[in-house]
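Comments concern the structure below.
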Amino acid sequence: MSTAIHGIIGYTITPFSANGENLDLPALGHSIDRLIESGAHAIAPLGSTGEGAYLSDHEWDQVAEFSLAHIAGRVPTVVSVSDLTTASAIRRARLAERLGADAVMVLPTAYWKLSEAEVLQHYRAIGDSIGVPIMLYNNPATSGTDMSVELILRIVKTVENVTMVKESTGDIQRMHKLQVLGEGQVPFYNGCNPLALEAFVAGATGWCTAAANLIPALNLALYQAVQANDLERAKALFYQQLPLLDFILKGGLPATIKAGLALTGLPVGEPRRPVFGLNETGRMQLQALLDQLI
Amino acid sequence: MSTAIHGIIGYTITPFSANGENLDLPALGHSIDRLIESGAHAIAPLGSTGEGAYLSDHEWDQVAEFSLAHIAGRVPTVVSVSDLTTASAIRRARLAERLGADAVMVLPTAYWKLSEAEVLQHYRAIGDSIGVPIMLYNNPATSGTDMSVELILRIVKTVENVTMVKESTGDIQRMHKLQVLGEGQVPFYNGCNPLALEAFVAGATGWCTAAANLIPALNLALYQAVQANDLERAKALFYQQLPLLDFILKGGLPATIKAGLALTGLPVGEPRRPVFGLNETGRMQLQALLDQLI
Amino acid sequence: MSTAIHGIIGYTITPFSANGENLDLPALGHSIDRLIESGAHAIAPLGSTGEGAYLSDHEWDQVAEFSLAHIAGRVPTVVSVSDLTTASAIRRARLAERLGADAVMVLPTAYWKLSEAEVLQHYRAIGDSIGVPIMLYNNPATSGTDMSVELILRIVKTVENVTMVKESTGDIQRMHKLQVLGEGQVPFYNGCNPLALEAFVAGATGWCTAAANLIPALNLALYQAVQANDLERAKALFYQQLPLLDFILKGGLPATIKAGLALTGLPVGEPRRPVFGLNETGRMQLQALLDQLI
Amino acid sequence: MSTAIHGIIGYTITPFSANGENLDLPALGHSIDRLIESGAHAIAPLGSTGEGAYLSDHEWDQVAEFSLAHIAGRVPTVVSVSDLTTASAIRRARLAERLGADAVMVLPTAYWKLSEAEVLQHYRAIGDSIGVPIMLYNNPATSGTDMSVELILRIVKTVENVTMVKESTGDIQRMHKLQVLGEGQVPFYNGCNPLALEAFVAGATGWCTAAANLIPALNLALYQAVQANDLERAKALFYQQLPLLDFILKGGLPATIKAGLALTGLPVGEPRRPVFGLNETGRMQLQALLDQLI
């Protein structure tokens, strides 16, 4: 099923209790239901927006287990299993597979900068440990590792189950290069919200976005307009939602999406410290943006 | 007429004699005719591709005079008048206007980094000296000056005859910002060849390109597909010409366009030293690219 | 005692068993003894070189406990307690204090980029939780957070027990600024090995270095030459050890220091994956460098 | 004589009349006399501070002729002959040699980015055209060309009369590399004022500085303290003058040095537009800095 992942891939947040200490799994269930009911084509738990990096192993396991059980195959799932050590990423990948994930996503997070050989070996070791497809994820801003298109394609060629690429550098020319050097055979996904239109135009198979928590109808309509070859409509829809896409990028996804969920009736707590929640000014700006769109 | 500049704006090269010392104006005339006959919507002499920065004042004047006389109003013209001092840029702008240019282009080249106030004053002084419109040109890679979208719009608001913006940073989000903050009222033009498709999709009014010397039909077809709201066709046309667009960007426009003109029957000499002409390997690659396209 | 930390602050590695899975605490004890016996003025466990970021919480606690017990007050200690969440950094800081650390070091590691307010609050929350001094650590290459000198001094002024600053950007002008804006009252320490000489010349109080595991005599001699106001000798000593300092920086500290310890008779395993150990070519280069120096 | 260039190499400004249109050669003569009388070891006309890039060919020739005649061999001279085309740089270099320059300085300024082969050929062509030594000048911030240490040393090895290197990237590690890879045989000079102390400590032969127009005694004293192996004194002298060095770097050398000359009794006009002169606030800050130093 996972090779058919396409369209709008919605990212879940991870709700916490008011003091930030405990998980709020019922709220997570509500947010998942909202994504599915709004038409998201797939769901990605525990990604950057899901604060996967800020969870203890025990919490991570709980969120993975709950998310997959709650989604229950209603849409395909891509679980982010990234961690700093290869061993920990493998443990998470195996657990995600066992729990029924259709695919896993791997971002090569680094403390010590990684060589190309180290990155390749990281993917190979994870790939060899599981049977489900891997979505390779390139996002140097959060991971500290920038994979060139050439390296990405080398990994795709070398590790059999790396079959999808998520690109979040914000440089549209990377997608051109994936399309050209990959000879149109390597499905790539856009992870940079303000490039939503250009990425689809460049040939992206899907848009990985947390915006689907707030404005799913607009996200879907943009995708459909591109599918319908209606550039004018796609452009209009893009510019309509761009202010919100810019806002959530600049404000930080966990802070802004959590604030937006609260503003739309689903309180999910704040991000874990040191990351701040959205302040009062920000919430008012977000409310104004949402008022125009939904 | 100049506010109607749109579509494919073709850049001329400046032909030199074999030893690089003298101008070859007859060859310049041929290259201009080729551009016009192939359907270019406008012509821009003395730009980056035209090696305007490498000419003596006397040569610059000769090329301006010859170009405008030879074009003779067949298409609109935008003459690049950039120079390091404000006084010299004004002199060139006045000459271009006197010679009949429909508009002038100004890139704020810098040796000593310029403050925003200095850049604004540079445009104001030039604007006050002429009656034709100015196309503001942002290209930090060649000029050493990066103008933020906010600064650009401040200049547009302050200097009455700055009415067009050419953006060449390669960052498509700058065009989004021009579109959004300019409220769709500031026509912008794409100067980064590999962003040709995305720029039009983002709302660019035209594409400033030296590629029109070599593959004008493909450049025009891309523009027309976008005008016809045919995204699939635009995308196919874009990917068809992208390898050539990448090649001329990486190889340097004067070197590659001059080599391409020679390969297609119009010898125009080499770029002026220290810039090298395209070497034999490069010429073979270019020939292969052209063979596939024309 | 900690405010008197000065001179050569040696960083420990964290030895693993051959398969990388288990800690090798006896080897850690030997490496600590070597540092102390060679004259290091202070010891910093669990830093970047110590792979603190790659340890589980349980392992981290074991290494902290063992290190402090084994050092047993023979020299001052600065324990790196950095972690992605404020809560986890506080837990580690409290444990380090309870175990007898003279000071703790805090690097604001980030997944989501941190605002200045978030960084300040991170330090404040940790500072409020412990009674020992904090060495603020700026190293954007590993942490993803670059603190300006102005922000650093604001933190120093705001959080009472942030009393020392370790600077590792590699930009000597940051140290000038710390000296000037801090009015000579904020002790700063150099964390960029190839700047060892310049940092002391600029006024650094100490040099935080893993090189002391391999060439402690040269590290100490450089410090002493500066103390003796003998610039010529300091310069000669610096250029003598610079090739090794460059080598360990480029090769990655855990990989090169662990290889160097093995080459000098103390096997400590390899870094944890995805970080590779030094390959055979690298080990031969390192051996050659060491042969010239010790 | 030129291979013996060392110590403080003072840069001249180019005085203009009040409206900025004409040269003020008598004022240039006064500024040269001040530099020589204050003890500068050498003088460099027409450099970045001298606004060489903003002069017409005719003005450039006048300034070169006047400067060399006025210096009249009292100290060695290094004339900056940089220009965008190789042919123009050669013309200037030959003129400088004919006029008696001891050496010429060459910065590879670029509009179109230069390849390493193009940079090398630029230096070779100039070197082949003259008989005096060349000081290679690396300053990517103004030239748009960053030469790696490896490229610099390749040029030194290939072009016989490139015998000196001026480094202005602001990265002290470049100087370490010049010292190490050049095996101490390639004299290098510091062109980044705030690195004055570190550069000498790293082994720089001289300090190319426009500050000698304003605080020559302090510049010389710093050099002498280093020569006397008195690090403590060198450090104190460095931190004493650092605020002024930072000020002139941030404010732009032509603007700040011209303002400083006016404040100390020698009016020399303003920089040529688009570069602004120092504003009133800046002049007051500069006066305050000078009051503390002279």
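In order of appearance the chains are A, B, C and D, and numbering begins at 1 in each one.
Going forward, a residue touches a chain if its C-beta (ideal position, glycine included) is under 8 Å from a C-beta of that chain, and two chains touch if they have at least 3 such contacts.
Only a predicted model underlies this, so the values are computations on that prediction, with no experimental measurement involved.
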item	value
Given subunit A and subunit D, the chains that contact each of them	B, C
Reference subunit A; chain at largest CA-centroid distance	D
Rounded Å distance between subunit A and subunit C, as computed from the means of their C-alpha atoms	35
Cα-centroid distance, subunit B relative to subunit C, in whole angstrom	52
Mean-CA-position distance for subunit B and subunit A (Å)	39
Each pair of chains that touches, named by its two labels	A-B, A-C, B-D, C-D
Contacting residues of subunit D [partner subunit B, same complex]	20-21, 48, 53-54, 56-57, 84-87, 108-115, 117-119, 121-122, 125, 141-142, 144, 252-254, 271-276
Touch list for subunit C against partner subunit D, complex	170, 172-173, 176, 179-180, 194-195, 197-198, 201-203, 226, 229-232, 234-235, 239, 242-243
